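The chains carry the letters A, B, C, D, E, F and G, assigned in the order they are written, with residues numbered from 1 in each.
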Amino acid sequence: MNTIIFRTIAPLIVAIMLVFSAYVCLRGHNEPGGGFIGGLIAASAIAVLGMASGAQAARRALRLDPMAIAGFGVVIAGMSGLLSLFTGSPFMTSIWLHLELGETTVPISTPMVFDIGVYLVVFGTIATIALALESDGGDGL
Amino acid sequence: MNPLMTVIVLALVWGAISGNFSGLNLLLGAGIGAIAVVLLSRISGSGRSLRRLRSAISLGLLFIYELLVSAVKVTLVVLSPNLRATLRPAIVAFPLTIKSDAEITLLANLITLTPGTLSVDVSADRSLLYVHTLTLDTREALIADIASGFEAKVREVYA
Amino acid sequence: MAIAPFAAAALAPLVQRIARPFAGWVLALVPASLFMLLLRLVEPVMAGGAISARIGWVPAFDLDLSFMVDGLSLTFALTISGIGMLIVLYSGAYLKGHPHLGRFFMFLLAFMGAMLGLVLSDNLLALFMFWELTSVTSFLLIGFDHTRQAARRGAIQALVITNIGGMGLLIGAIAVYQLTGTWDMSALGGEVRSSGLYGLVLAVFLLAAFTKSAQLPFHFWLPNAMEAPTPVSAFLHSATMVQGGVYLLARTTPWLGNTQAWTLILVCLGGATLLWGAIGAIRQTDLKQMLAQTTIASLGLSVLLLGLGTPAAISAMLLYFVAHALYKAGLFMVTGAVDHEAGTRDITVLGGLADSMPVTFIAAALACLAMIGLPLTLGYFAKEEMYLGLLSLQWPDIATLAVLLVGNAMLAGVAMLILIRPFLGPVLSTPKTAHEAPIAMLVGPIVLGAAGIVASVMPDWLGLALLEPGTLAVLGEAISGHLSLAVDPTNPLLWLSVATWALGYLVYRQAAALRTLSRRFEVALGWTADTAFDGAMFGLIRFSGAVTRLLHHGLLEIYLVTVFVMLALALVGPLLMLDGYAALLPTAELGNWSAKLTWPDLQVHEWGVIALALLGLGAVLFSANRLVAIVALGIQGTAVALIFLLFGAPDLAFTQLMVEILSVVILALVMTRLQLDERDSRQFEDLARDGTLALVCGAGVSLFLMVILSGSFDSRLSDLFAATSVPIAHGHNIVNVILVDYRGLDTLGEISVVMGAGIAIMALLRSRARRTVPPAPTPIRAPRRGKVAP
Amino acid sequence: MTPADALQWTTLVALIVLGLALLISVVRIVVGPTLSDRVLALDLMTVIAMGFVGAIALRTGQMIYVDIAIALALLGFLATIALARYVMTRAAGRDGGAP
Amino acid sequence: MDYVLAALVGFFVALGIYLLLSRSVIRMLLGLVVLGNGVNLLIFTAGRLTRAAAPIVPAGLDQPTGPIANPLPQALILTAIVIGFAMFSFLLVLAFRAYQSLDADNTDNMRVAEPVDEPHPPLSY
Amino acid sequence: MVEQALPIAMIDAVTAAADWVVVLPLVLCLIGAAATLMLRRAGALTFVFSLLILAGVIACEVSLLLRVVDAGPLSMTMGKWLPPFGISFAADVFGAGFALAAAVVTLVVVIYAKGERGAEDGRDGFHAMVLLLLAGVTGSFLTGDLFNLYVWFEVMLIASFGLIVLGGSPSQLDGAVKYGFLNFLATTLFLMALGLLYGLLGTLNMADILRVAPAANPAAMAGVAALLLLAFGMKAAAFPVNAWLPAAYHTPPAAISALFAGLLTKVGVYALLRALVVLLPASRDLLEPVLISVAVLTLLVAPLGAIAETNLRRAIGFLVIGGIGSVLAGIAIPSLAGVSGAGLYVFHAILTMTALYLVAGLIERQTGQFDTRRMGGLYAAGAPVSIAFLVLILATAGVPPFLGFWPKLLLLQAGLAENGWIGGLVTVALVVNAVLTLIAGSRLWAHIFWRSAPAELAPGQLGTGHLLRIAATGALVVLVVAAGLWPNGMFEAVRLGAPDLLDPARYVAAIGLAGGTP
Amino acid sequence: MMEAIAIYTGCGLLLVGSLFSLVAAIGVVRLPDLLTRMHAASKAGPVGAGFVLIAVALLSGDAGVALRAIVGVVFLLLTTPVGAHLLARASYRTSDQLGGNMVLDELKSKTGQSPGA
């Protein structure tokens, strides 16, 4: 798959996919989308990168072990649920903060953190799988 | 494209897809774009930045026009009752005068999207772009057409 | 009290290690002190009281460890601890230097504890537990010489047979508990006998007793148990464990016994066992085997007496139990000494040992005389008592008497064989040059023999200490002592005894002829319970092999067929049986076919999408090779997504499309490394089977779903979600709010699955990258190399 | 015909036409003959599905479905390139190279 | 329309099962995918179909304006799709590794764990 | 605002921090799994970390069990949503007890595995997968929502997938293919049943199902129950859908087999118990003949496999299946004694089966063989392993006073108390199962321990790390023996817990449905 | 009025778009070989989908949605040719019959010499 055309355009597509994935993730609470789909798109971006430039290059680009990213996702998703321990509520009770930044209100909430966790898990895992399959038989795992 | 430029473009893409060009939102977009760029920084991204916006816009307009024409042409071919007579498929080696990856890629994609042509391959030394055509008139006519059309415009954009 | 031996058992290996040569002596202190303790109870029991103790064990299950010492249990307990002490001593010498002597003591003492627990328990369930524990310890002791297959076979045989009986005992115990509400036997009255379950209870209790006490047809395990070291045979398989069944029958007599069925079964089977064992004893020439067979006979005799259930019979049973325990244990020890010193136990090659082993000879003589039942031995009293109750001149009594007489006579004959053949007569050369056994091996038989004599010279005491409390325990009425040393020629009993001895001598003289006859008979029969056991066991193993091979063949396809057959049944069965499809049929009062059969309210493009789905399925089904199937898979995936989109589920459509695309990507990535392009090559019969199964399941699901759709739907949950999603959960996309808030825990689990899939796939691919299999043993069967053509 | 009616009718017609297009492209997936033909048809199906999504968005007035179309635009080609890769590698294997 | 979907579910399930019985691991996997889609459609249908709006409250409102599609089955199916995809990925890689190690993609030829020439139990003690 | 018009959706009361013990074990496992995954390149640290997590889980579960014993079922509904709108977790005595037992055996197995795996660190994700497995098991035991149960089943399943292929030998891959397809199929069928159930009742909360199920179409409910029986029966390895178990359990390293044997089927059979006895008793009654046949056939057929098998761990696998038959017998006769026996059996099996596999691992290591025909001489070689094996075999066969006897006693009581052919059939099957199990066990013992070692075999090398392995196994065996000798605590728990299965009023009250209890 | 015109225009675009999609599908079925079919798929296809999206942009009445629809078209035009190119290249390199009915094939002679690029 080592063609100039693909290699050249891949980074652009990948960057756009990553941006789009973030959008889909953050918008999920109000519109179709969410952490899972976002993560899937982001992981697809990594897969494209892997196909265009090779798994090694993609892994280098990621810097972090993608499985560790997935683990981190579960950790923050779980932790976001644990926060409600301090509010006298059951596990996973949502906590909302409405930050006033200038004229806009930015809502920060545990469900949002949770969804970001979902995003990271899906991203990390699917990226792991795609890259592992890309580079015959799991070196670097 | 240099990283800063890319971040700006990505921030604008963000603004577009999220339908909100407020400063705060663009900042968020820039942040996300920056993450993407950092991720991609280790992928060798050689290439030259867009120099001339006007040329780019002109290329875009040409492209849209050609695309529509292309779609119509294909339609005509597809719907023609006597397919065998209409079709004259061929692969022509188009001698490239542009050399950079970005230029070749752009050209190849444009060719693919436009009338009766499809980029199949680029030769190893990047001197030839193999173009498949549905209705070959003459080889030379096709080459001249591309060279004076898209290739020239692409060269202008990246000049 | 029952705990002490277990503690000792646990410490035995340690003691063995520390006190090497004297371990036997040290450990014998345990049963010795128990014996002394029990002796102190004799007086109170003689006074007519039963002593009970109760330890709470499982109060939540209404289960206490209740113990009771009465005449019966005390007799058994004293015998067990007394002989146990001698056996421990004897073993120390017999197995001197054996590497696993510590284990041996451990098992032996544990067994003794179990046996004591068995006879002292008043609680039926506790009795069962100790019962099972004796089986297990006996298993370990029989298999002590474990490198020989015969020992292992004997052990397994004993375990299996006694375990079958044990199960019977358990069932019986539970049944009794359910009938009466108590586990305590002392609290039982006539409830069991009068209940409708009496037949079942009796059957299972008898099964337990008969297996443990080696009654026909379960007798065969006992001779095989002789693979155990001799002290074990002496202790378990003559004096104690096998008497467990006899004990159980005696113990249960008050509330289970003395019915017509009881008497009939016990007398008949007991008598048959007596004769069978006696004949078997004559057939043998191996001393130990002869003793084993006589033990079977003696157990049959005891069971017969219990079946008679008359005061005289019970007295006789008690006397016989003590007498038999003393002489049989002694004889086993003597046999062990002979074997140990002369190197063989075959009476045809032994002779004249009396000279080289005088003490052993004296011990043997004491025991054999008791076995023959000469006066001044306990055996004499026992025999007299047996005959006593049967002088009514009615034909059942006469028949029983005849059986007893013949049986006793044959046993007497065998006793003569045992005493005379090895010890008297000309000296024959033996594998080892015989000389006297070490003292620890002689203490036992001598003490036992002497005890028999001592007891028999105190008939009044015997009556008071043994018979009165014993019969009180079994029959509920004390039989006063009437034993006497005087020999009265007018007493018909004396003449019956004389007849027994005479007949016994005849048997002794004709032993060789009888043996030949008996062996011929065995050959002619060509079948014994023992070979039947092997047949059954190997049959079971073969059957197991066949069944397992049939069910677990390693063909995933057949496993799946099984699952889908079950699925078809589950989908269709209940609805069909319970008239569930009625919901789909027109009902008389409501509507008719036309109401049911309106053309579905679908628009053209919706039909188009459904057609797309069907086409997609068809494309997968008819695709020539797997890769085409993968591409075709995309069609139905897209169709499903569009269906979701058409019916108001954008999130689902979105996810479905993304997943569909990524599935194809991953499939393509994997397929890149596989060389597969075969067609689906099913034979017609498979095709028909699979197709039918698939269609039935598919139709089942559809109809099931239609039945459900015909009912009303409760949309409470979703209504609330819709009402509160924005105001409380601050989200406009209700589906997403459900995912991250209302049912966030599902999603937490879901992402864990995703993460898990990542780890699992990593593990899969790593194993290939590393090529390092963890240090596990290599499988025996090398994996089949190369592709095997189907 | 009010504009709203027109929209309803047009979207219905569009959906029918697009549905027809989907069904027709299935023919190529089924017929083949080469894997590349099928992949091409699958790719086209994704693109047509994009249009379908857009048409449904117009019909239901749920404009947010556009995001699905965007995602399809971005990801649709992924399956195509993965399968193209497969076509490439398998041929290499057939020619005697490593699988 | 519910009944049409119900019938369609049956076709999905039937094909899924048919493919699962094909002995070829890759085909069986496709069968699992098809079966999974069928079950997802089943849940979707069981939650009652509607052509009503998607369960998304329009911006600026607190409640949906009219009837909406049932959101709960959608959430359940979403979870099921994700889980199904994770499982599918694993089984696919497993099939791949099994093919590499066992040199077989036909389950009839995968007989290492339960060998064809399985020894008979010994008739001894 | 429109707040007034809103239906009551959230719980009013403040949740005490102490109530969190019902969900903390699960959360700890999940976060622990993820964190060990992140730490997987940190060498022995992953081991220590997972020990800490397990200790925390056990601490939470002990306090949970104490609370439940003290004050009855404890529940928490996530997100403060009023049940059935949120997902409820609810612990009764059985759930809490099983969760605790599962955590304890997991701890033992992790320590054992440390010895077995030697220098291998956590890089392969072993610890993460074990914690994930425990998370799935714990969630399955404690959840009060049927769909949530499906999710935890899948968590458990994927973790077991990862564990079963760890090392990747050909037989593992073969076993994993069968295990994978059949088990994923089972959960798919479960999902199918859930979809149908949701279509019927419109709810997934167990307490809510209890409330609305009696009014639903009985035929359809029976169909759902039959599907659940099939799906859970597959997970539990009930005859005739048990084939995956003997096909796979013997292939991974012993520690992993042990974990599977202790946890997986137990979760399936416990789910069956809850679904049929607690949730859908009316449908269960309709399916009774099926249940009886399944229980009896499982009891009878499984030990035959143990007799026939020459691969040690496969043989033990059949014993695991036989045990499932016992639990099924309790479900088939759901009297107080029956469900008590079933519950106690699950507890016993979690401990005993795990220990049995661990001992099998020691045996395999000592002999270097998988095949009992090639083993031998171990009795002479050492007492601890011999005694452990014998004790466990006896416990499995239900020989007193070992742990397995007590559930068997209760089940036999249930069988004998049941009038008619059902009781008799089940009783006979239980007894035959016990005898066949003992035959299989004593033959194994005779072949592995008593028989002389084959000439080519030099037993005695347990390899490095054997102390950890023996200590872990020994601790578990001691636990089995102690629990058998002093069963009062278990009976106390069963006396408290079993009535809740037959009359779930306390359970429902603890969950506190919107709109009050039925 | 403006709104009505926008709606009618949108409807028109929608119809044109769907018709182009239909043409693409027909082309893929009708055209004789892979490369010719690719013309249909990679030109009529995106144009059809593009028209539909532009119709959405026009009819949405929401600048954000309109922008996103346009962005969608751009993405489509960015990715479709790449896919088409890769597929064409891969197929051409691996198939022997592709050049069968071409009037001229200047790549055929070259591939033998330069297998990788």
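Operating definition for what follows: contacts are C-beta pairs under 8 Å (C-beta built on N, C-alpha and C of every residue); 3 or more make two chains touch, one makes a residue touch a chain.
Bear in mind the structure is a predicted one, so any value in this text is a computation, not a measurement.
K.L.:
Can you list every chain in contact with both subunit C and subunit D?
P.N.:
Chains touching both subunit C and subunit D: A, E.
K.L.:
From subunit B, what is the lowest number of touch steps before subunit E is reached?
P.N.:
2
K.L.:
Hey, which chain ends up farthest from subunit F, C-alpha centres compared?
P.N.:
Chain centre farthest from subunit F's centre: B.
K.L.:
When D-E is set beside C-F, which has more C-beta pairs in contact?
P.N.:
Pair with more contacting C-beta pairs, D-E versus C-F: C-F.
K.L.:
What's the farthest chain from subunit E if centres are computed as the mean of the Cα atoms?
P.N.:
Taking each chain's C-alpha mean as its centre, the farthest from subunit E is C.
K.L.:
In whole angstrom, what separates the CA-based centres of subunit B and subunit G?
P.N.:
That gives a centre separation of 13 Å.
K.L.:
Could you put a whole-Å number on the gap between the CA centroids of subunit A and subunit B?
P.N.:
30
K.L.:
Go ahead and note the Å separation of the Cα centroids belonging to subunit B and subunit F.
P.N.:
60
K.L.:
Could you state the distance in Å from the CA-based centre of subunit A to that of subunit F?
P.N.:
Measuring from centre to centre gives 35 Å for this pair.
K.L.:
Multi-chain contacts only, two chains or more: what residues does subunit B have there?
P.N.:
Residues 13, 17-18, 108-109, 119, 121-122 of subunit B touch two or more partner chains.
K.L.:
Counting only residues that touch at least two other chains, what does the list for subunit E look like?
P.N.:
Residue numbers touching two or more other chains: 20, 42, 45-48, 53-54, 56, 59, 62-63, 72, 76, 78-79, 82-83, 86-87, 89-90, 93-95, 97, 101-102, 107, 110-114, 118, 121, 124-125.
K.L.:
Give me the residue numbers in subunit C that touch at least two other chains, ranges are fine.
P.N.:
149, 152, 156, 541, 544-545, 549, 552, 554, 556, 560, 567, 646, 648, 650-651, 654-655, 658-659, 661-662, 665-666, 669-671, 673-674, 701, 705, 708-709, 713, 715, 717, 721, 723, 727, 732-733, 739, 741-748, 750, 752-757, 759-762, 764-768, 779, 783
K.L.:
What are all the touching pairs of chains?
P.N.:
Contact pairs between chains: A-B, A-C, A-D, A-E, A-F, A-G, B-G, C-D, C-E, C-F, D-E, D-G, E-F.
K.L.:
Would you pull the subunit A residues touching subunit C in the complex into a rising list?
P.N.:
My answer: residues 28-37, 40-41, 43-44, 47, 66-67, 70-71, 73-74, 77-78, 81, 91-92, 94, 96, 107, 109, 111, 114-115, 117-118, 121-122, 124-126, 128-130, 132-134, 136-139, 141.
K.L.:
Applying the document's contact rule, which stretches of subunit B touch subunit G when the two form their complex?
P.N.:
Those in contact with subunit G are residues 13, 16-20, 67-68, 70-71, 74-75, 77-79, 83-84, 87-93, 108-110, 112-116, 118-124, 128, 130, 132, 134, 136, 139.
K.L.:
Which part of subunit E faces subunit A closely enough to touch in the complex?
P.N.:
Those residues of subunit E that touch subunit A are 54, 56, 59, 78, 82, 86, 89, 93.
K.L.:
Which subunit D residues qualify as touching subunit C in the complex?
P.N.:
The touching residues are 12, 15-16, 18-20, 22-23, 26, 29-30, 32, 35, 38-39, 42, 45-46, 49, 52-53, 56, 60, 62, 64-65, 67-68, 71-72, 75-76, 78-79, 82-83, 85-86, 89-90, 93, 99.
K.L.:
What residues on subunit G touch subunit B, complex-wise?
P.N.:
20, 23-24, 26-27, 30-33, 35-36, 38-40, 42-44, 46-48, 62-65, 67-68, 70-71, 77-78, 80-82, 84-85, 88-89, 92-93, 99, 101-108, 110, 114, 116-117
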